[in-house]
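Which chain is which? They are A, B, C, D, E and F, in the order written, and residues in each are numbered from 1.
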Amino acid sequence: MADLNVNGVFIPLDEDGFLEDSDLWNEEVALALALTEDVEELTEEHWHLINYLRDYYAKFGVAPMIRKLCKETGFNLKKIYELFPGGPAKGACKVAGLMKPTGCV
Amino acid sequence: MSILDQGPPDYKKMIPPIIKDNYGKWIYHEIPKPGVLKHVSETGDELFSVRVGSPRLISLDFVRNLCDLADAYCDGYLRFTSRNNVEFLLSDASKVEPLIAALTEKGLPVGGTGASLSNIVHTQGWIHCHTPATDASGIVKAVMDDLFEYFGSMKLPAKLRVGLACCLNMCGAAHCSDLAIVGVHRTVPRINDEKIAKGTEIPSLVASCPTGAIRPNPKAKSVTIVDDKCMYCGNCYTMSPGMEIMDGKNDGCAILVGGKVSNARNVPSFSRMVIPFLPNNPPRWPEVTDAVRMIVEVWIAHARKGERMSEWIERIGWERFFTLTDIPFSDKLIDDYIFSRETFRTSATFKY
Amino acid sequence: MTEKKTPQLDELEKGQWPSFVTEIKKAAATNAASEDLLHLLERSYEDRIGHWKHGGIVGVRGYGGGVIGRYTDLPEEYPNLAEFHTIRLAQPAGWFYDSKALRSICDIWEKHGSGLTNFHGSTGDIIMLGTTTDHIQPAFDEFSEAGFDLGGSGSDLRSPSCCVGPARCEYACYDTLEACHNITNEYQDEIHRPMWPYKFKIKFSGCANDCTASIARSDCSVIGTWRDTIQIDQDAVKQYAADGLDIQDRVCDKCPTRCLKFNSETKELTVIGEDCTRCMHCINYMPKAIRAGKVKGATILFGGKSTIVQSAFMSWVIVPFMKMESEDDFAEFKDLMGRVWEWWDENGKTRERIGETIYRLGMGKFLRECELPPVPQMVFRPRANPYVFWPQDEIIK
Amino acid sequence: MSILDQGPPDYKKMIPPIIKDNYGKWIYHEIPKPGVLKHVSETGDELFSVRVGSPRLISLDFVRNLCDLADAYCDGYLRFTSRNNVEFLLSDASKVEPLIAALTEKGLPVGGTGASLSNIVHTQGWIHCHTPATDASGIVKAVMDDLFEYFGSMKLPAKLRVGLACCLNMCGAAHCSDLAIVGVHRTVPRINDEKIAKGTEIPSLVASCPTGAIRPNPKAKSVTIVDDKCMYCGNCYTMSPGMEIMDGKNDGCAILVGGKVSNARNVPSFSRMVIPFLPNNPPRWPEVTDAVRMIVEVWIAHARKGERMSEWIERIGWERFFTLTDIPFSDKLIDDYIFSRETFRTSATFKY
Amino acid sequence: MTEKKTPQLDELEKGQWPSFVTEIKKAAATNAASEDLLHLLERSYEDRIGHWKHGGIVGVRGYGGGVIGRYTDLPEEYPNLAEFHTIRLAQPAGWFYDSKALRSICDIWEKHGSGLTNFHGSTGDIIMLGTTTDHIQPAFDEFSEAGFDLGGSGSDLRSPSCCVGPARCEYACYDTLEACHNITNEYQDEIHRPMWPYKFKIKFSGCANDCTASIARSDCSVIGTWRDTIQIDQDAVKQYAADGLDIQDRVCDKCPTRCLKFNSETKELTVIGEDCTRCMHCINYMPKAIRAGKVKGATILFGGKSTIVQSAFMSWVIVPFMKMESEDDFAEFKDLMGRVWEWWDENGKTRERIGETIYRLGMGKFLRECELPPVPQMVFRPRANPYVFWPQDEIIK
Amino acid sequence: MADLNVNGVFIPLDEDGFLEDSDLWNEEVALALALTEDVEELTEEHWHLINYLRDYYAKFGVAPMIRKLCKETGFNLKKIYELFPGGPAKGACKVAGLMKPTGCV
């Protein structure tokens, strides 16, 4: 996929639009990623979710299971899709700069 | 704009009038000839289904072709079976033969009913998947060509259900087939540290290995494999692009037999490995087609009428299966995984 | 159209079974991606490995599954396969179609895809094989318009499927199509928005012949059965005998419980009802003479899955008999599903199928926590070991 | 002084002349009456064996008594069977009845042959072991008294082999008996930190737990138990005196049925649990004797001639066993250990 | 002799089965330890628990096993049970005795022990029940003098045992007594000096009736069999038929492989030799008419054990057929045992029976490393999973 | 069992003659224990075995398996019984002051 233009700086994305190098993530990058996911603006709720994902990942080295995510953020799944139409994996994890979820499709 | 969650089309709109009228009223069926089912309703109505073999991987031309035939012979209605055959649904008995003639002309085989070989349930293989140990469509074509006579006739001892899965994920659900062809890897995944470091949740990767062969390698932000513990299942590759498992020289197929899912007579059973490896020899996989034909022929020669592969083998005993087929037995065929115990012969009785 | 040769694949156009190579070539005639696919496959036949990269996450707005991302590892050589994703469309119950519906699919796929499909995928979906990232959403929009929706993928409920059932089969003990359709519609959220530890499959078979292979291929198998005794029409029995069927040999001797007695003099067939396990064999052999009992419904089994990773499991009996006729019956089924999913979601590890979770934590715990009454029908045999986890409230303090 | 490694006495010196003469030459046998075997040799010789029930736990008086009888009726020769019965070996047919009369007078029962209940293989229990969940000799006496009629007659459908083990170590090898009584604990071991600290190899103790319920507790130089994971097997107690598992209030017996070891007809099978717990009610364990008698009587009433417990149950199905015996089924009877999978019903066929 | 009462035990003197309580009382008449035992047992009947302390390590010079140490946990109340050890004496093959031998045992035990014994222990030994630490060595010295030796205990070879075999049974396919005696004598060191990960048991049964329950109760089961076809004496068959035996029903229909055909007209019984699995059923029913084949020997199975800890295992076939006649055959057996023990000792964990070691590491590895040729007779069925550990020397580099 | 008299100091033994408190072990205690096991004198070979056992125990918290013991001391089993007639468990471990082996008898 085309690289991500963050205020003129080009950050490499993989084919699926995830960051090639998750170390390059920052809040501005998140905003730019959000646009690729049809999210026009990152509200507090978006950040609540993003921060939870990043904290969890930092702690355990993996993305949380959906049930945990819902329980601990207080958002139900419907809400999460409202925030990120691509869903928790393709949408939220991408914007949060997490690694691309693998496995089960 | 899309409508979310509308669900699949309503089947009620897809069934022909004769079915609507006789829904749940069928009282018996007959198989007037191979590939043709005649269902009789309590209303007296008769429905003819003509079953047609399909390669499953098909072009839109093929689909439109089916539509044309359906329009011409059965008011535009057809269905597919759980084994990917096509079924034309005719309310008019007189159209059966003309339809068959039209099908034959187009090279579409009619059959798959009763004591026949039906279509091979199979998977993507090299066409579209990322983890195959063999191709799917190619072998299926080769085997179906080779055993073609058994699709259009009903001269086998019983149904013969063949499944193919191109890797151990077994999307072809070959684990309960009369005869199964399963793509197998035979070498330890090659670790690509960079891909792992960049694109993999290490804890999930480590946890994915059923034998605990994978250890974290924190220095490289990657992992290592204890080679001896790896049985090449490929589950780690599913979790991570960095565990490259495809190996053109060593991938191939295993043959399993004796699975079954219906509850008729004996209970459902798993397919069991009888040949641990045959090489990938495209385009026609002669080792595979030969082995399959040989097993099928020994079954035909020795089974009693009505005996499916599993019933035949369980009656004569697996030890005699190996004698009759002359397939070499090896320790590779002896289970050494979680449920191995139940496979060991805990009895002093056996045949030679 | 192209200079490149495909000698190996050409071999597979020979022979009597219809050729998928011919199909790809047909698609290739008008579609560049399919043309590349032909050559990529020839290349795989040479190299004896696949040429697709690992994984891929693409999708449509509002859904978490239904599309399988795919990219070739040789994009320079096969640029039209740089993106070649698969869209799974949920099939109508029983895989029934009219030509209009099929043609509408064709028209859309001609515009947005490779021109190749699978009728059907192994789980039961219509597989629309090969499109680019840009085309996914528009293709979906149009399919949606035409009345189609996406099927499952990822850790969600996969598209349920069912046998032809009462639509064309005299053996059906419940309406598999209606059950499948009703239940599939109930669970659109579960199908489209992955939320569980792993995938979950449901298959509906109208009787113990299990024509959807549900016991092997689904986490929940709903298999038609009856609660009372088979019905025998003695006149029809006599007719079979007169027509030369060796009833003793082919039917009675193969009855697994040996509960059928054929009187070779009176030509009457009788059954010891309580011994019959409803295996379908006699009915299969003599459909005109033997029918299921009158109290019909389904056996609900859980746990089926294929080999990866703990070994293949077949589904095991959890509810021996459940009515499956009315909306109320479906509600009961859904209530059960709810409890079971809740339990699995709470207890399952990542990528653990429900059968594996139950195996790991024990059937007893599963039953207790899902409030399912234990019955001997659940097991072939009771435990051989004496390792009972004793509920501590039954203990004398 | 002792001679090391001289091995057991030579059996050749212990066998009577008639056996020496006909060793390996027996051609057939008959059972003239319960408890009496008549073996006929190709030489024409006839050997009579009179089988006598023994409580196994016996005094020297008892042994000397046997010696006296052997001296009087069979030149001093006798043997014991693999189920702890005594067999007097007579070459003189005319002495059979007098011997039986002498035995009867002494209260020694003759029987245990053919389709009868033989002696119960059992263990030490409270007489001599450190880990029992029940007594052995007491229950055996109570059950044998209760089923006494079946020892001296041959009117059962087939052999009935009962085993008793006073704890899960199963020294009575009850795991393959037609009917088994097994002592079971039901409470988590009580940890005695001091005993563990002093007398236990902690790593071995931790490793001994099959469910991984035991964790080291380095502070106390002891261990802790995750209660939920404990299934009271007692293996940790075998490793350490500090894991006290006997519990007078909660120990008791489980009943298992359907085991078999011979290969005749069907293959050997494990006994399977049908009653998870019955209380220890010495001296006569009425709950146990009642349950055993009930199961035996249902078997007698329903089995075909020649059908052992396992054959009968496998023919009718376990689900019907529970119906016929009216034993309540519970989740405790469903396996949840390593090989549970093979016990689950993976079929839509069953009885009610 | 004593004031204390034993009301519960007294109940167990009633009834027709000979009473162990009566036996203890007999011993108690002259032995203080037995008297204490009576009361300790009554106490256990009251408390519903055993009153023996954990473990105990006592023994004789030069041996590591053969004595089970035992101390009561109530030594103050039952001082004569403060030490109450058990000595295991190895039984003669087939449990044959002359009264002289038995009396010699009695005389010694009268001097050194409680006066109580078990004829026999579950493994097969003579169990001399109850003595003090001081008496162990002298008792052993005297038993030794009288021709007896200790049996096994601890992580060693346990006293092998065998069925009555050719001494009194027409079915014996090999000389179980000679095999047992010969092999037991070969392994005196292994019996007396524990050296392995855990215990190891061998049992010898002369035919598939398995009268020592070897398949369930021993790590190595040696079960007599034959390699050719059963021998049928048609005259004797006719006699059975004339005597009223329903040969079709009782014999043919119960033959597990249905390989016996009875011609009800000619009264001839024939067998399809290659289908017979040598289960013994027909021979058991018609010993006068049917005999084993002529090429006799034994099947060697490994892995049997009881429940603790991984579940009970039954022995499984490792050598389908081995001759068991001559000293040479025994040597072959010993050679096999040597390899197997060596492998187990090298690979087994502490307290892991050989069956568990094989299960953990895989039958394939076991067979390869013990140089045993894999044959289909070893399994009921081949593996259902495709998880083959591929030998890397068969791989193309 | 009677306490162990080590030059007049009495050290408590359990019924089987093992030290109640293994911390009280020392070389003199070993000598005294040896006498209870019919070992009159502790030669260099005895010490070789004792030291191996103690080292192993200190390291792993368990007594070694016999095969290991033989391999690593270079003594075969026969030799061990010559040194300690009570055998490795009852004899050698006792004299070495190890915990009483449990489990399998």
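Keep this in mind: a residue touches a chain if its C-beta (ideal position, glycine included) is under 8 Å from a C-beta of that chain, and two chains touch if they have at least 3 such contacts.
A quick note: this is a predicted structure, and the numbers were derived from the prediction, not measured.
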item: Fewest hops from chain A to chain C - one hop per pair of touching chains; value: 1
item: Farthest chain relative to chain C (centres taken as mean CA coordinates); value: F
item: Centroid comparison with chain E (C-alpha atoms), farthest chain; value: A
item: Comparison of C-D and E-F (more C-beta pairs in contact); value: C-D
item: Whole-Å separation of chain centres (CA-atom averages), chain D against chain E; value: 13
item: Chain centre separation (chain A, chain F; CA means) in Å; value: 64
item: Inter-chain centre distance, chain B versus chain E - centres from mean C-alpha coordinates, in Å; value: 48
item: Contacts with two or more other chains, residues of chain F listed in rising order; value: 62, 100, 102-104
item: For chain B, residues that touch 2 or more chains besides their own; value: 168, 175, 204, 208, 210, 233, 238, 240-241, 249, 263, 268, 270, 337-339, 341-342, 346-349
item: Sites on chain C at which at least two other chains make contact; value: 53-55, 61-63, 68, 189, 208, 210, 215, 223, 256, 279, 307, 311-312, 314, 350-351, 384-386
item: Chain-chain contacts as defined at top; value: A-B, A-C, B-C, B-D, B-E, C-D, C-E, D-E, D-F, E-F
item: Footprint of chain C on chain D - complex, ascending; value: 168, 175, 182, 184, 186-187, 210, 227-228, 230-233, 249-250, 254, 256, 258, 270-274, 276-277, 316-322, 329-337, 339-352
item: Complex interface listing, chain B residues touching chain D; value: 263, 267-268, 338-339, 341-342, 346-349
item: Residues of chain B that touch chain A when the two form their complex; value: 198-204, 208, 238-241
item: List of chain D residues in touch with chain E within their complex; value: 1-11, 13-15, 19, 23-24, 26-29, 39, 47, 49, 53-64, 66-68, 70-71, 76-82, 84, 86, 89, 107-109, 121-123, 125-132, 135, 137-138, 140-142, 144-145, 148, 151, 165, 168-173, 175-176, 204, 207-208, 210, 233, 235, 237-238, 240-241, 246-249, 251, 259, 261-266, 268, 270, 280, 282-284, 305-306, 337-339
item: Complex contacts: residues of chain C adjacent to chain B; value: 8-9, 11-12, 14-21, 23-24, 26-27, 34, 37, 41, 44-45, 47-55, 60-63, 68, 70, 84, 86, 90-103, 105-106, 109-110, 115-120, 122, 124, 129-130, 137, 140-141, 144-145, 147-149, 159, 161, 163-164, 166-170, 172, 175, 177, 181, 184-185, 188-189, 192, 208-217, 223, 250, 254-256, 279-281, 284, 287-288, 306-312, 314, 349-351
